[in-house]
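Structures incoming, each one as structure tokens.
You will see chain A twice below: alongside chain B first, and alongside chain C after that.
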Partner chain A sequence: MNLVIDIVDENRKSIVNLSGEIDAYTAPKLKEAILPLTKHSGHLVEVNLEEVNYMDSTGLGIFISALKSTKENDSQMKLANLQDRVLRLFKITGLDNIIEINAAIRGGNE
Partner chain B sequence: MANLINLDAATYKDLMQHYIKTQDEKSLYQIEQVSKNFIKNNILPEEIVNLHIQALSELYPNLLEDFQHSMDFLLEAMISYGLAHQEYQKLREEQYALKSEISVAASMQDTLLGTTKPEIEGLDIGVLSVPANQMNGDYHHFVKGKDGTLGIAIADVIGKGIPAALCMSMIKYSMDSYPEESMSPRNILKNLNRVVEKNVDPSMFITMFYAQYIPSESKLHYSSAGHEPGFYYNAENNTFEEIKSRGLVLGVSPNTEYNQYELKINKDDMVILLTDGVTECRDGDRFIESEEVLDVIKKYADLPAQEMVNQVYKHFERLQNFQLRDDFTLMILRKRV
Partner chain C sequence: MTNFDFIEMKFPAKAEYVGVARLSISGIANRMGFTYEDIEDLKVAISEAITNAVTHAYHEDDKGEVTIGFGVYENRLEVMVADHGGSFNLNEIKNGIGPYKSNESVENLREGGFGLFLINALMDKVQINNNFGVIVLMTKYLNETEVGFDDDQISTTQ
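Here is the complex of A and B:
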């Protein structure tokens, strides 16, 4: 399986649309795409995980290093539209308490 | 080497002559053996083409000149293959050297991280930890306290392979440095979190479940640092439930505090601890749900704890065609009296 990364840049905000699987093979590519975005002070990185049907713990590691980088660089990261299986990982690891996650959008017009 | 070529030049010619006359399978089989011998002795492809040219010119001295030229042309064309083959041989040797170095590291890790399953009166313990590759990123450890309590740690380093395995040694030595008096699970995690946070790469982290069994009270005290939840089996009601515990993984945030929970364990109750290598098992493209893990455990529930653990492992190993995707660690504790 592969991971497709599509980045839409807006003023002071980047939306990262992901689709596919995040695992040990695709994680380096994700890291390369996301980390530079967190280096600009005041920038918001919004990661849309709606089309991500699998993520393993390597993927969590990428989001942790991105989070650490937002703290060092005074930028911000939000995760949106997580599928249940992916959200479960963030909950078990307690990361849902320290990473801003918006899971509710999934399923459409709620 | 030159001797081998000369010897085989004669054989090659005889076999070829025989085959041209009869086209029988036997000479094809024999040349296959000769060819394997060539490979074993690093004979290059262009040397074989050269053998062929020699044999041809001896057998058919009046062969069409154009054809002879074409064979020289082929010889030249094979030279690059020869170089590639030499490169391949070199890489193979290097790979072999690396592999043996890693296996030395793996056996050193086994020694460093080794823990013995303790004998605790009234408690049946089964544990199995199998790495997906040579080095294990999972870790479990037992500590018998002076006061008769049993400390149990199960952990998983994220980031696979060698760096993960090295990181585990750090955890183990931090834990060994704690004082002999038993410390509470929440304090152990709090301490380890500080060590990990300072010392590992930002994308690496560790999940750990730490429990302390107190035989005199039949109680389990535990805390979790973002670890895959284990299960509690209540023998009286014949039910399994997830062991609920919240806590952040180790190594992310320096001043993390951990909650501590308590569980009363009665006769024949079980505590099942695992790593995500168990729950992340895949059957083709399908994921194994945790109910399925429990179903398999139930199936072997009459066996002693160690055999249960072994059978559950065998079940999932079969399901994944004997190819583990992640390190697999499963621990079962059962109160016998």
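Here is the complex of A and C:
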């Protein structure tokens, strides 16, 4: 019941590899890791959620604040490789229309 | 109909115990014969309810408890999440929930307030009592085929 955050910095891009669960306990740590990456103009933040097997609204909140920050700082964020259950929450809340989500979904369609 | 098992747990109102509550409900729902998808829904719903209790009710000091009750019926699971510490403004929260529309501008996006919306979306029945602290009572039904699989007599005529 934890979240491992591994950030790989490339030239104008950071890949954030997440593994574990995003909930009220792990969310503050994730926010601290992701928000600073969105502060650089022109920077792309790619969040790889392939190993995230649980997420709830606390995670949605973080990605919303990160998205806001990208708009303020002229950077970009993409979410990639969401598991079905995690993607489902973005769909239920309509956030899949607002946040850029990579089409390569593990586990096929619902 | 009135025959059911009741399980009660008390947790400190701290975020690190939300995951423990998820494991508990996962075990109970699995024993009852819920599907994988339903169990995942239950895990999110109970987490949202507890997160609400932890972040709203006990904002000031870290003390306090969250009480969780599981009513295990033949055809459904009732989950009660109660905090008796404080209360939050229910109307304010109800007004702030709902799915996004694609034409909403990013600046206006809410960062919170999804908890109750998700509970409503994922559970079959939700009641909220806001008189003394906050009590969320939510129900998920086993659907008929699952009840069949949950019977002791798995074998059919051969």
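To be clear about the criterion, the second predicted complex is superposed on the first by the 104 of 110 C-alpha atoms of A that agree within 3 Å, B and C clash if a C-alpha of one lies under 4 Å from a C-alpha of the other, contacts with A are read in each partner's own complex, and residues count from 1 in each chain.
The working rule: a contact is a pair of C-beta atoms (placed from the backbone, for glycine too) under 8 Å apart; a residue touches a chain by one contact, two chains touch by 3 or more.
Every value quoted in this text rests on a predicted model; they were computed, and no experiment measured them.
J.: Going by the contact rule set out at the top, does A:25 touch chain B (first), chain C (second), both, or neither?
T.: The answer is second: A:25 touches chain C but not chain B.
J.: Is A:60 touching the first partner chain B, the second partner chain C, both, or neither of them?
T.: In the superposition, A:60 contacts both chain B and chain C.
J.: So, A:45: does it touch chain B (first), chain C (second), both, or neither?
T.: In the superposition, A:45 contacts neither chain B nor chain C.
J.: Of chain B and chain C, which one touches more residues of chain A?
T.: C
J.: Please indicate which partner A:33 is in contact with in the superposed arrangement: first for chain B, second for chain C, both, or neither.
T.: A:33 contacts neither chain B nor chain C.
J.: Where does A:80 make contact in the superposed view: on chain B (first), on chain C (second), on both, or on neither?
T.: In the superposed model, A:80 contacts neither chain B nor chain C.
J.: Going by the contact definition given at the top, which residues of chain A touch chain B in one complex and chain C in the other?
T.: On chain A, the residues that contact chain B in one structure and chain C in the other are 24, 56-58, 60-62, 64-65, 67-68, 85, 92-95, 97-98.
J.: Which chain A residues qualify as touching chain B in the complex?
T.: Chain A reaches chain B through residues 24, 31, 56-58, 60-62, 64-65, 67-69, 85, 92-95, 97-98.
J.: Hey, which residues of chain A end up touching chain C in the complex?
T.: Touching chain C from chain A are residues 1, 21, 23-25, 54, 56-58, 60-62, 64-65, 67-68, 71, 85, 89, 92-95, 97-98.
J.: Which stretch or stretches of chain B touch chain A in the complex?
T.: Residues of chain B touching chain A: 156, 158-160, 201-205, 207, 225-229, 246-249, 252-253, 276, 280, 287, 326.
J.: Under the touch definition given earlier, write down the residues of chain C that touch chain A in their complex.
T.: 15-16, 18-20, 22-23, 40, 43-44, 47-48, 50-51, 54-55, 99-102, 104, 106-107, 109-112, 114-115, 117-118, 121-122
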